[in-house]
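Chain naming follows the written order as A, B, C, D, E and F, and within any one chain the residues start at number 1.
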Amino acid sequence: MPTVEMVEYEQSEGLVREVYDDILETRNITFIPNFWKTIASHPPTLARTWNSIKEVMAPGKLDALTKELIAIAVSATNNCEYCIYSHTAAARKQGMDDEMLGELMAVVGMFNETNRLANGYDVDVDDVFRRH
Amino acid sequence: MPTVEMVEYEQSEGLVREVYDDILETRNITFIPNFWKTIASHPPTLARTWNSIKEVMAPGKLDALTKELIAIAVSATNNCEYCIYSHTAAARKQGMDDEMLGELMAVVGMFNETNRLANGYDVDVDDVFRRH
Amino acid sequence: MPTVEMVEYEQSEGLVREVYDDILETRNITFIPNFWKTIASHPPTLARTWNSIKEVMAPGKLDALTKELIAIAVSATNNCEYCIYSHTAAARKQGMDDEMLGELMAVVGMFNETNRLANGYDVDVDDVFRRH
Amino acid sequence: MPTVEMVEYEQSEGLVREVYDDILETRNITFIPNFWKTIASHPPTLARTWNSIKEVMAPGKLDALTKELIAIAVSATNNCEYCIYSHTAAARKQGMDDEMLGELMAVVGMFNETNRLANGYDVDVDDVFRRH
Amino acid sequence: MPTVEMVEYEQSEGLVREVYDDILETRNITFIPNFWKTIASHPPTLARTWNSIKEVMAPGKLDALTKELIAIAVSATNNCEYCIYSHTAAARKQGMDDEMLGELMAVVGMFNETNRLANGYDVDVDDVFRRH
Amino acid sequence: MPTVEMVEYEQSEGLVREVYDDILETRNITFIPNFWKTIASHPPTLARTWNSIKEVMAPGKLDALTKELIAIAVSATNNCEYCIYSHTAAARKQGMDDEMLGELMAVVGMFNETNRLANGYDVDVDDVFRRH
């Protein structure tokens, strides 16, 4: 149970209802996920966050699946359980299988390791890696 | 200057030299980056880390560029300056331009934000996002 | 169930009992929260942590509610579930409503995002932001 | 030097110029900070981030200074050097002195400590801290 | 329930079975912990991770218990619940009692605090702490 | 240059001077490190932090070197450059050589990796790892 009361679809009105309807249509789903029902406790945060995500996740030079993989990578690094489940579900819908997830997690794990080696020894950036 | 003395190519011998030669050949580069010269202060860590990275970064179901993008996502989330520069350089070599990097950073930023909203309100995972 | 056995009030004696009594009185509560009962498994950590928190959280130039909001900000950034619930409860007791929490979470989310943009691109600090 | 080329005011046009002019006016400053010049390498990220920050940082139930203090708290927890300097400078402009900063840092430090005690022992949330 | 299906010992074959048998023998246990059954969904990650851990955790200049204490320190800092329980159990098996755990958690908490003080004020490294 | 003015020994008086003298004597050094000179901008934080560290780092069931190794592990995981240098210097003074540091960093890196595998797949804690 989150630390605020969730706003159910039936209770929603005004800005919240508008966003809810846009979520249902854009995502082509038939329920409002708990994340949105929770942040709806502060309507401007709901609206801003949804509009930002809609813009950021639209396919561009990176396709939608790649963006979901990156979302999983970030969520696994930060340990956000909700986000891990929701983005894993979204990525699976777009074709991610266990092998792709395995490769993703291997890369995520690997660089969480090397990040600490580089920071822990305070390695200097090679000049050649900087822009000139 | 890192917290240990780096092992230059010319000084290297045995296991370290072997790994160095494999790095030069596999990566098709003509110098040993500081990261490897630093962890060479502990040869088993150098060998294990290089062999792991070589395996993990080989193209599989995810291509090499996607893996580098994930490496940048992890490094930006953790704030590893060395890793940000080295993986950005590697991704550029494989075709990443400013627009792709911009989309990547937008996704990374976005989910670092929503991770905190989900955790900060302790949102419950929707049942539908779990495997059944 | 934590990884150590909690020390119940009834079992407590000596230094632990003293700290427990001080917690009950200072906080004006009638039970010992699990956090304190858990770290009481190591009495010096209980005593030092309680004394530090009592000093740090006393109203100063920042008032008590502002300090609780900062505690929530830190706990949401780090994803400490226990801390999120206990500090949210404490802040509500001091008058925080859903709208204040919403604004707080919006700020926390926002800067977790911009922190990654600044780090991920390795932006240089503007000279004007440094002391002179 | 960041990993992309910064967009100077003089070079800016279209959406980037519009955002730059809004930053100068809203913040009442006479230069574009490096953060904005860097993310301007991806104009949609510049526009979205600026509009979000402008909305989030506007005084609401939390005043502007409290929001800056929270920004410092998040940035210190995440170790974002750029953000630490820019938000410390902004908070000083709004009246933060060394004593307030000292209290802020004490709270930030304290809860980064207790977050690990709570997580490291996996303390169970007290029922009374949950909503009912 | 993890986001992939776990591979039970009875179902395992080939590389997975080999690793499972090595885990049972090396660790002298009679069941495969969930961690290994989960990452077995991607056999190369199972094999590489197990071989790396076996190498890294073997007693060297640091003894096995010290290495487990460090594993707890990292897991508490990152908030990995699974890892906290498994490494705490492993350390207890090797003789860690509540007092040692208390001292460990005190050190972990303390430096999570001072890390933020040092970063939040951006303290310069003293020359004398660098190698010369 | 930190975000506050450091308090030099010569300028120090009262509580700050007392703490400075205790640092010089307890640590058997002849200068005040920048960390203390920086947090001295808020004398109560200086005094509380010093007293806490003195207590926490005193040899107990864990010896002083083990405690310094844990301090490095935490600082590398969090990426605190100042802390990495100061604790590495302190550990070397107590006998840590490159091989010990190498083993330490290997363990730190390894569990930063497995922490993300465990969290990213959301592995359930094995019952046997919990206390009974």
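Throughout what follows, contacts are C-beta pairs under 8 Å (C-beta built on N, C-alpha and C of every residue); 3 or more make two chains touch, one makes a residue touch a chain.
Quick caveat: nothing in here was measured; it's all calculated off a predicted structure.
*Asks:* Under the document's definition of touching, what chains do chain C and chain E have as common neighbours?
*Replies:* A, B, D, F
*Asks:* Compute the shortest path length in steps from chain A to chain D over the network of touching chains.
*Replies:* Minimum number of steps from chain A to chain D: 1.
*Asks:* For the pairs A-F and B-F, output the one whose chains share more C-beta pairs in contact.
*Replies:* Between the two chain pairs, A-F has more contacting C-beta pairs.
*Asks:* Going by more than half of the contact pairs matching by residue number, which of A-D, A-C or B-E reproduces the interface of C-E?
*Replies:* Of the listed pairs A-D, A-C or B-E, the one copying the C-E interface is A-C.
*Asks:* Using each chain's Cα centroid, which is most distant from the centroid of chain A?
*Replies:* F
*Asks:* Could you please state the distance in Å, as a whole number, between where the Cα atoms of chain D are centred and where those of chain F are centred?
*Replies:* So the centroids are 27 Å from each other.
*Asks:* Determine the centre-to-centre distance between chain E and chain F, using the mean Cα coordinates as centres, and give it in whole Å.
*Replies:* A distance of 20 Å separates the two centres.
*Asks:* What is the distance in Å between the mean C-alpha positions of chain B and chain C?
*Replies:* About 33 Å separates the centre of chain B from that of chain C.
*Asks:* Among the residues of chain D, which are close enough to touch at least two other chains?
*Replies:* Each of 1, 3-5, 39, 41, 44-45, 48-49, 52, 56, 75, 77-81, 84-85, 88, 99, 103, 105-106, 108-110, 112-115, 117, 119, 121-122, 130 in chain D touches at least two other chains.
*Asks:* Would you tell me which residues of chain B are touching chain F in their complex?
*Replies:* Touch list, chain B to chain F: 3-5, 39, 41-42, 44-45, 48-49, 78-80.
*Asks:* Show which residues of chain A lie in contact with chain E when the two form their complex.
*Replies:* Residue list for chain A touching chain E: 79, 84-85, 88, 98-99, 101-103, 105-106, 109.
*Asks:* Give every residue of chain B touching chain A within the complex, in rising order.
*Replies:* 1-4, 31, 33-35, 38-39, 41, 45, 49, 52-53, 56-57, 60-62, 66-67, 69-71, 73-75, 77-78, 80-83, 85-89, 97, 99-100, 103-104, 106-108, 110-115, 117-119, 121-126, 128-130
*Asks:* Show me the residue ranges of chain F that touch chain A in the complex, using the header's touch definition.
*Replies:* Per the stated touch rule, the residues are 72, 75-77, 79, 81, 84-85, 105, 108-110, 112-117, 119-122.
*Asks:* Considering the complex alone, what residue numbers of chain F touch chain C?
*Replies:* 1, 3-5, 44, 48, 52, 55-56, 130-131
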